[in-house]
Amino acid sequence: MRADERKRNQLRPIEIETEYVMHPEGSVLIKVGNTKVICNASVEDRVPPFMRGQGKGWITAEYAMLPRATDQRNIRESSKGKVSGRTMEIQRLIGRALRAVVDLDKIGERTVWVDCDVIQADGGTRTASITGAFVAVVLAFGKLFDKKVLKEMPIKDYLAATSVGVLPDGSEILDLCYEEDSKAHVDMNVVMTGNGEFVELQGTGEEATFSMSQLQNMLELAKIGMEEIITIQKEAIGSYTDQVDKAIASDKK
Amino acid sequence: MRADERKRNQLRPIEIETEYVMHPEGSVLIKVGNTKVICNASVEDRVPPFMRGQGKGWITAEYAMLPRATDQRNIRESSKGKVSGRTMEIQRLIGRALRAVVDLDKIGERTVWVDCDVIQADGGTRTASITGAFVAVVLAFGKLFDKKVLKEMPIKDYLAATSVGVLPDGSEILDLCYEEDSKAHVDMNVVMTGNGEFVELQGTGEEATFSMSQLQNMLELAKIGMEEIITIQKEAIGSYTDQVDKAIASDKK
Amino acid sequence: MRADERKRNQLRPIEIETEYVMHPEGSVLIKVGNTKVICNASVEDRVPPFMRGQGKGWITAEYAMLPRATDQRNIRESSKGKVSGRTMEIQRLIGRALRAVVDLDKIGERTVWVDCDVIQADGGTRTASITGAFVAVVLAFGKLFDKKVLKEMPIKDYLAATSVGVLPDGSEILDLCYEEDSKAHVDMNVVMTGNGEFVELQGTGEEATFSMSQLQNMLELAKIGMEEIITIQKEAIGSYTDQVDKAIASDKK
Amino acid sequence: MRADERKRNQLRPIEIETEYVMHPEGSVLIKVGNTKVICNASVEDRVPPFMRGQGKGWITAEYAMLPRATDQRNIRESSKGKVSGRTMEIQRLIGRALRAVVDLDKIGERTVWVDCDVIQADGGTRTASITGAFVAVVLAFGKLFDKKVLKEMPIKDYLAATSVGVLPDGSEILDLCYEEDSKAHVDMNVVMTGNGEFVELQGTGEEATFSMSQLQNMLELAKIGMEEIITIQKEAIGSYTDQVDKAIASDKK
Amino acid sequence: MRADERKRNQLRPIEIETEYVMHPEGSVLIKVGNTKVICNASVEDRVPPFMRGQGKGWITAEYAMLPRATDQRNIRESSKGKVSGRTMEIQRLIGRALRAVVDLDKIGERTVWVDCDVIQADGGTRTASITGAFVAVVLAFGKLFDKKVLKEMPIKDYLAATSVGVLPDGSEILDLCYEEDSKAHVDMNVVMTGNGEFVELQGTGEEATFSMSQLQNMLELAKIGMEEIITIQKEAIGSYTDQVDKAIASDKK
Amino acid sequence: MRADERKRNQLRPIEIETEYVMHPEGSVLIKVGNTKVICNASVEDRVPPFMRGQGKGWITAEYAMLPRATDQRNIRESSKGKVSGRTMEIQRLIGRALRAVVDLDKIGERTVWVDCDVIQADGGTRTASITGAFVAVVLAFGKLFDKKVLKEMPIKDYLAATSVGVLPDGSEILDLCYEEDSKAHVDMNVVMTGNGEFVELQGTGEEATFSMSQLQNMLELAKIGMEEIITIQKEAIGSYTDQVDKAIASDKK
């Protein structure tokens, strides 16, 4: 039995509120248990210099936490004048994951800026960010599709993320909250597509190691979680689901 | 008649949601029309080096906007590696205003960090921040009072802020939204106490000037707004209002 | 009676030495009591990117202090690698004030850089900077007018600044020196035009507040000071005064 | 057949030259094919502030490339004034990996600084850094052991790293050179211990995804490579191998 | 004949105005032709961390130019957020030169901060800074001597600097103004003591070289200039000259 | 007799290994005693903005040390976020020295980036860098000459550097190692051409001074060293020596 009485293979409750902020093309507030992240997708009509003239687009992500999203207040990165290694690692991960399922050739010379701002943190902020960001991006594309700026949804597959880990007693668990995460011997972030392929796999034994069989157990749990999460994403995407499914089907051919 | 059909002396609807984020000692989400700001007050058990050993506390504020709080996405100040002049000006203002009504001698060697993070901007973010921050700070002190860390509420008066301005047609208005603010010839931020004294007055004619009578008309409007705002603050402060009123009464003696 | 034996409504002696540095288009050394500021105006034949192609000009200001302009040596902002909030606030104020009285449409696509460098500080450095900067800017325009680069003086009104405040004994005073400033309960900077309109009004009660009647008394004092200052500015501007007056008269029509 | 005629499961030639630089406690030059990295381990007699008074040590790593280690010259990070996200990611990975196999309780309040400087790059610089860094750290501990500063080797297991990947034709390969890496659909870095457990697993499909069976094939290849690499590390460690083996055996009990 | 009608071995007129700024312990304005530098010496009652507990003092220098000290306006180093290589080179030179003639053992654990701020530049700003800084430092020590904080003047010798160079026609000249400096094939800065020894010698052929005989001719000129400069310094030092001469005589024994 | 048993006028053993790193156009590892520096010359087909359109090229240098090139580990300049004054001084010196002997008109609009990275330091790193950099630059030009990108070697003379100094006992010595350097009263870096002219002369008495006769003795020693060094450079340059000699002869005409 886990701290919050969940089963080993049980996700925390997930809610995705859409149109959360009024200005961005796509905006959601995702809640995974007590973790809350605002994911905004902004579309800009140009690409960074290194991509100009190729007729294709770009997606990039930024991640930040409010200073008091955590139990102890953190100094703002703007005050420190630099972005921490942890932040950079996370925003590179989010951007890479989204680029794996978005068809950049189909969005023209546009940049999608994805901003993931953690309002309240209780473990799993980077995976919640990816899950929410995918929905925000789809909604932003939906808006462009409705305006006929895009002829089809430039999506190659669904995308969601969760964490899995190994507790000190050796048991594998799904979707670690902060308390579990701080104790776990192994912490693994898994990013998967709707058809069950891996996009990113990052497993770390901080002052510990893990075996092949533990790896397999963790990946089983991740797969279970992923299916549930994608169901919730589809609800949030709402009426665009059909267009997304059509685009995915056409990409698989 | 104004863009949003308000009267010249009419505030936008104000809502203050308390206990918005779970970790900070005091936390509110304040909505002033479409402007939304999270105000978190964090209490740290030490003061900055220049104040040590004096037996009194300190309050300081930080202010930031989500990149897409505005119509155009702004580059994060953490990415730019420096805080803009506008941000500095605002956070200095918020801190100064709060220090005018908090009795720093009564909080011991503690620092209150006030973080105002604008989620959505539609004009008046700095005045909304001050209004919300005051409530967050009172709630944080309330928590310390309940735990008997503080013996009384260290509050000398209520504190609220609003903006007034002069439109191109020469009419003075209360509580400018973004559309009005971008056109106004004069923009003035007024920070006042519960008993109608000024804490801070900042009036600017950007490529324009204003006369003494315009100044007086604007200050009239500010006074009207302030009374309404303080009524709303009292509701948000709820059961701590009695303790606050008692502290104010004792300070005035 | 004040520390330096002045009356409540008495300015410190003001001197403005012109052509102080040889390279800038306009250059003055202004002395207000012991406060000494070099104000240089440099004209550059282009505008910042955000203004290109509009056929109008721009004025921007920078402010700094020599490390030992004050009693205690300050660390250089270039060594710290960043400009302080106080500096930013002041240079934004100076630029905004000048833009209120310069007709940017009449200077073409040019930028006027105003550098205010405080050589010696004894209170009132920001208001002395504005007063001196106005003269430096007029002299720079005078040089362009003499060379027939400008057809008329692009000036809409005179511009000067001073400070007023409230001492702990409740009395309002004009033009605070450092010793007065450090004790005052209220400190207000007033920027006015030659015809007595406000350009900027910034009043602050640091750990104190002020009433409407105190505000009015302070503004009275400011008005008295302003007239004297503008007389001194006119002497410094010398033979260009006629052209300036002509331009102002034509603007008021 | 691969570009350099290697088999799918074949490593590039690896050489580890010890005592490469004269000042550090441990210093090696590791060559993995054309990739060359200087790994220096420096021991400092104190720990960072957050670890003081706990009686245990710390290991941290830094990673950099000479500007012309690559085909195109890169701007120095010292000139840019900030460390890139890629660099931060790599140095965090190296530090974490080493901490998994070093017994920090046994080194006292000391910090081991590991500097990995890439002299020449041809793919796999981060995995070569980890492999070389482990040897440099063991040699540094060996020196402390010889001087009787340490009573035993504070090593819990061997540590080595390599990369595996999937080529566009779908075949899995071991130890990617730069040319292969730039084409691969999947790139995975694997850090393992001497007894075949995972320390870190980072698999990324850049604009691609990978299946469970591809994952398993890649991990097979990684395991084959790891055994060879550890044999080469043991030769470099030379006479300290006995002490290391003894320490590992005692830790497993 | 030179541009300004000077002879090859003739200095520009030099003036040293003392007590120029009121706050610093020592303050001079030095004018060398059109070059004008404010040199302030500030005494702080502690030394930097690396010197604590040795019972001796430290001297360090900072150098800056007002943005419009030159013909073209330069961007402030505080705005750029970093100090240029040229500035660093100059401030290191000034500090090193002063440390060669000040007896650090005799000033106790104090730091002398020397700030050289160029108000107007016309060549030779670094040598004018050294010449002026020496006077400012002596005046600061004089003040401490008068207050009996120091028992003797901690000066080992006089110190002055000038430039010499080779013009395109091959002739050597003394004390280059900006126009000469920008054309010269060789530029050499010479820092000497009162008894004719070298403290620093920096000769540079920018896209040119120079022979041993040219070097000797330049050093002859430098020696001539130095004697004149030291005479002017002595006048500025005024009544402290006796104490300085006594200290120098006692040091030579 | 010196610490390492050298005579006063004796250089340390010098070795120059060419083609040390595979990517740069020119690459050497220079060893001067225990000092080891990698000098890479990279040719880029464009010049910095301030030189565009003039039809000529540019050479610039960067210098760095590995953190543990010295006895105590230094913090990386990339971590500190800024380049030290010492580093800037050295890289400006290297660039200036190379520009004195390279005919920038003959290389077209190209930039040569010279990177000097100190692997191991034992005194004289800046002079070793210049000596090695000259060879790397010649080799890079040789490669362009072979490819017929350049029609002749753009070299006006050989270039080498060494240090001389004065020991506490008053004796002058050639080529100081670190131990000597840290004790010396005078340290002088001399950069000379193949025909015995000076390019740069930087002599410093840190807390000491030096006389004209000491200067002459030091310059004698420098001349002796320089001849030996240039002989070693010629061996490293190998088959390009003829082309270099031809270019020098043609330049002298």
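Going by the order they are written in, the chains are A, B, C, D, E and F; count residues from 1 in each one.
The definition used in the following text is that a residue touches a chain if its C-beta (ideal position, glycine included) is under 8 Å from a C-beta of that chain, and two chains touch if they have at least 3 such contacts.
Just so we're clear, the structure is a prediction, and the values are computed from it rather than from any experiment.
Undergrad: Any chance you could name the chains that touch subunit A and subunit B both?
TA: Output, common partners of subunit A and subunit B: nil, no chain qualifies.
Undergrad: Among the chains, which is located farthest from subunit A on the basis of C-alpha centroids?
TA: In terms of C-alpha centroids, the chain at the greatest distance from subunit A is E.
Undergrad: Validating interface symmetry: for the copies subunit B and subunit C, is the fraction of residue numbers used by both over half? Same or different.
TA: Copies use mostly the same positions to touch.
Undergrad: On Cα atoms, by how many degrees is subunit C rotated relative to subunit F, nearest 5?
TA: 120
Undergrad: Of the pairs C-E, B-C or A-D, which one shares over half of its contact pairs with A-B?
TA: Having compared contact pairs by residue number, the answer is C-E.
Undergrad: Using mean CA coordinates as chain centres, what's the subunit C-subunit D distance in Å?
TA: A distance of 61 Å separates the two centres.
Undergrad: Using CA atom averages as chain centres, what separation in Å is found between subunit E and subunit F?
TA: 29
Undergrad: Can you give the whole-Å distance between the Cα centres of subunit B and subunit E?
TA: 52
Undergrad: Among the residues of subunit D, which ones contact at least 2 other chains?
TA: Expected reply: 81-83.
Undergrad: Mind sorting the chains in ring order for me, with subunit B at the start and subunit C directly after?
TA: B, C, E, F, D, A
Undergrad: How about subunit D: which of its residues touch subunit A in the complex?
TA: Per the stated touch rule, the residues are 82-86, 88-89, 91-92, 96, 99-100, 104, 157, 188, 193, 196-212, 215, 219.
Undergrad: Can you list the subunit A residues touching subunit B in their complex?
TA: Interface residues on subunit A, with respect to subunit B: 21-24, 27, 34, 38, 40, 42, 44, 62, 64, 66-71, 73, 76-83, 87, 113, 115, 117, 119-120.
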